[in-house]
Amino acid sequence: MSETCTEPSRTTSSPSASLETRHSKLETPAPVLTVAGLAKTFTLHHQNKSIPSVAGAGFTVSAGRLTALIGPSGAGKSSVLKCIYRTYLPQTGSMVLHGADGDLDLATCSEHAALRVRAREIAYVTQFLHCLPRQGTVDVVAAPLVALGSTRDAARAAAEERLRELDLPARLWDVPPATFSGGERQRVNLARGLVHRPRLLMLDEPTASLDRRSADLVVAAIHAAKAAGVAILAIFHDPDLVAALADDVVQLTRPEVPCAA
Amino acid sequence: MSQATTRAANPAADRFGFLDDFAVREIRRGLLKALAIPGYQVPYASREMPVARGFGTGGMQITLAIALPGDVLKVIDQGADDSVNAVALRRFITAACPELATTTSTAEATLIQTRHRTPERPLTARQLMVYQVPYPDPLQIVEPSEAKRRRMHAYGDYARLWVKLYEDVVRWHEVALSNRYPARVHGRYVIDPSPIPRWDLPKLHRSRAMHLFGAGREKKLYAVPPFTDVVPLAFDDVPFQVERFCDAAGRRHRCQTCGTDDTYLDEIPLPDGTRRWLCNDQDRCAERMSHGR
Amino acid sequence: MVADRPVLAVRGLSRIHGPACPSCRDLTGDAAGTNVCPRCGSVVAVADVAFDLWPGEILGIMGESGSGKSSVIRLIHLDDQVTAGSAVFREHDGTEHELATTGEETARRLRDTRFGMVHQNPHLGLNYLVSAGGNIAERLLCSGERSFQAIRDRALGLLTRTEIPPGRIDHQPRQFSGGMQQRLQIARALAPRPELLLLDEVTTGLDLSVQARILDLILEIQRELGVAMLVVTHDLGVVRLLAGRTLVMRHGRVVESGLTDQILEDPQHPYTQQLVMSAL
């Protein structure tokens, strides 16, 4: 139930991290997402059970900064991301997205507004690539731009650019990603997440089960996104990555299971 | 209708014309409604006639209801005054209407009853055409249910008819209808102009005369008032065409009797294998002959 | 693609078959577990349905037999008379139509030019008396097209778009396979460039590979043309693939509505949870 916002100076093992954080501290980072009092419980009607998932979380994610969620398994880290993305409906709390047009509480906004935010503002990259079957890689990555009204050619060009940055070979570009290796799929996943330049990028264990080289490419892409001003909320299984990339760290603990349903 | 006023003003004319008063009034009211709503099929109680259904009872009832003493009647069947049906009908009508004069001359007639042709000679404002109609509804070829057809007419929904025209153009590069070509009247209802050939359809468009249509078996009346638009259904890029009567070299056939080349022709195969081309409109041909072209 | 007003705004939509009585609503529905009013015997096919459909969006309507999902489609498509409620359709140019009270002439015009409907059974959506091209031509002719070549070209284009060999334009629909008949239905539905497409269980009963191709086609069409769509299905996979938002219906009521992935991963209503758990 407790949340701790730790100062990055505690993790000075990585010099690049402190350089970066000092750099970001000099500018006033604009808050992109403010979460407060977020709690989520699953009610399974047929089994008559109530399963708490998130027991109260609060933090801020700012432009150009990476906030890492840490905690034991079952603490609700992935659930927090899913609540923000509206895949889960939180029971209490607010998740305010700050924008030029004003603030929008994702916990209470309409479905239509949530879809709009997903299309334009937020990207959510998990460790699994979920995409339309039978679509070539470039089209998978270009899809968010096409959905926003971009022409197919312009979207494909931007997609190819992202794939090039992540070093995905061109011979794979027209092949559906279903047959790719884990590393290749994650790079496609991340490319798609970045292609429409979201203001908030959410990453759920993006380097899990990746080889060294792929993981490095992903980390480099995350650095680049930060430098470009994207606000990032991430879950990493590797504490070294937290140390290397996180500007803010939020600790979550397992919610208590009530004695009776 | 000035003849109607004359008839109303002349009570002695009431018994004239075989039909009883009620029948005459019903048909006349029906015709007035048909003229007021050009192209609309007005249902009526078609009377028993001493002629079987399918032999012109619809046309006959109209003629009997509107003919007046002093009218000059012409009856044609496929352009001929002397065919069996035309003769039989003319004899009956004159027997039922004693003071009715008859003629074979289109120029002299005031009332012309016809089966399957419109006269070649342009009609005047003094003349009434009465058509014998087998099937009054152009939608009958695409929809068997009368109830549904009525709704289609009411909503101006002729899409299924247009699709038939589309399928014809796909298969034959033109609409494969030689007669009964559907036409839109006054921009609203689509009519079946009775089995007149394509050649005659343009004559209805903005005609000076009044054209009345009677279907006795199907019990419908409809009309095209004078100076009314009658436009054959055609795609913008596949225009309506009349018969050409040209030989293989593209030369227009001439009537072998009168020599003209601007009438609807009958093609008559001869025992020796050759063909003869003759004006279908007997009176027109005779007229041309007597005037020496 | 976002606009400020929904294409379809539905509130309190109801359809009751039978005499109807004041208790009909209360005695039927999800809590009562039935569509039939025990007091008067009327069938409450649909009651108090409300949703918005935005331009370019796909809304899924999911439910089992008797849920009322097909009835909702029929009411929107003006094939059935609304008993109560409102359904406002907004055209591209801003003209609004109250579908609950629209007259027959307007209804025909909307069905012919603004709506497209694809049925589960192609016999309901195709004219088997004319050719494939004739089926498409019929829709174009309904909307006033009078140029033969323009009709021909558009029909060929639509056949190509729906992956039917253009050389089969003059074949009869009964000569087509089931999947191809469905694609012909889609081609026909798209002919007048409708603003609203209604899809009623369009892939039910088809082979999986055929199903996949048709679903891909629907998505491509949606991307290209930005048509708003209502997709009725009982298949979770179809709704997951096509719809951004979904309604879950039971006994004529909407029991849950939300983003499709939320409905499937975090269902709130007991019935939705049961449905999701029942997926193979």
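Labels A, B and C are assigned to the chains in the order they are written; within every chain, residues are numbered from 1.
Everything below uses one rule, namely that contacts are C-beta pairs under 8 Å (C-beta built on N, C-alpha and C of every residue); 3 or more make two chains touch, one makes a residue touch a chain.
Keep in mind that what you see is a predicted model, and the values were worked out from it rather than measured.
**Q** Counting only C-alpha atoms to place each centre, which chain is farthest from subunit B?
**A** A
**Q** Averaging the CA atoms per chain, pick out the one whose centre lands closest to the mean of every protein CA shown.
**A** Central by C-alpha mean position: chain C.
**Q** I'd like the Å distance between the centres of subunit A and subunit B, where a centre is the mean of that chain's Cα atoms.
**A** Taking the average C-alpha coordinate of subunit A and of subunit B, the gap between them is 80 Å.
**Q** Distance from the CA centroid of subunit B to that of subunit C, rounded to the nearest Å?
**A** 48
**Q** Could you give the separation in Å between the centres of subunit A and subunit C, each centre being the mean of its C-alpha atoms?
**A** The mean C-alpha positions of subunit A and subunit C differ by 35 Å.
**Q** Using the touch definition from the top, which residues of subunit C touch two or more other chains?
**A** Within subunit C, no residue contacts more than one other chain.
**Q** Okay, in this complex, where on subunit C does subunit A touch?
**A** By the definition above, subunit C touches subunit A via 1-2, 52, 54, 57, 212, 216, 219, 223, 241, 244-245, 257-259, 261-262, 265-266, 268-270, 273-274, 277.
**Q** State the interface residues of subunit C toward subunit B in the complex, per the touch definition above.
**A** 104-105, 108, 112, 127, 130-131, 133-134, 137-138, 141-142, 146-149, 151-152, 170
**Q** Can you check the complex and tell me which residues of subunit B touch subunit C?
**A** Going through subunit B, the ones touching subunit C are 155, 157, 159-160, 162-163, 166-167, 169-171, 235-238.
**Q** In their complex, what parts of subunit A are in touch with subunit C?
**A** Touch list, subunit A to subunit C: 42-46, 82, 86-89, 111-112, 114-116, 132-134, 146-147, 149.
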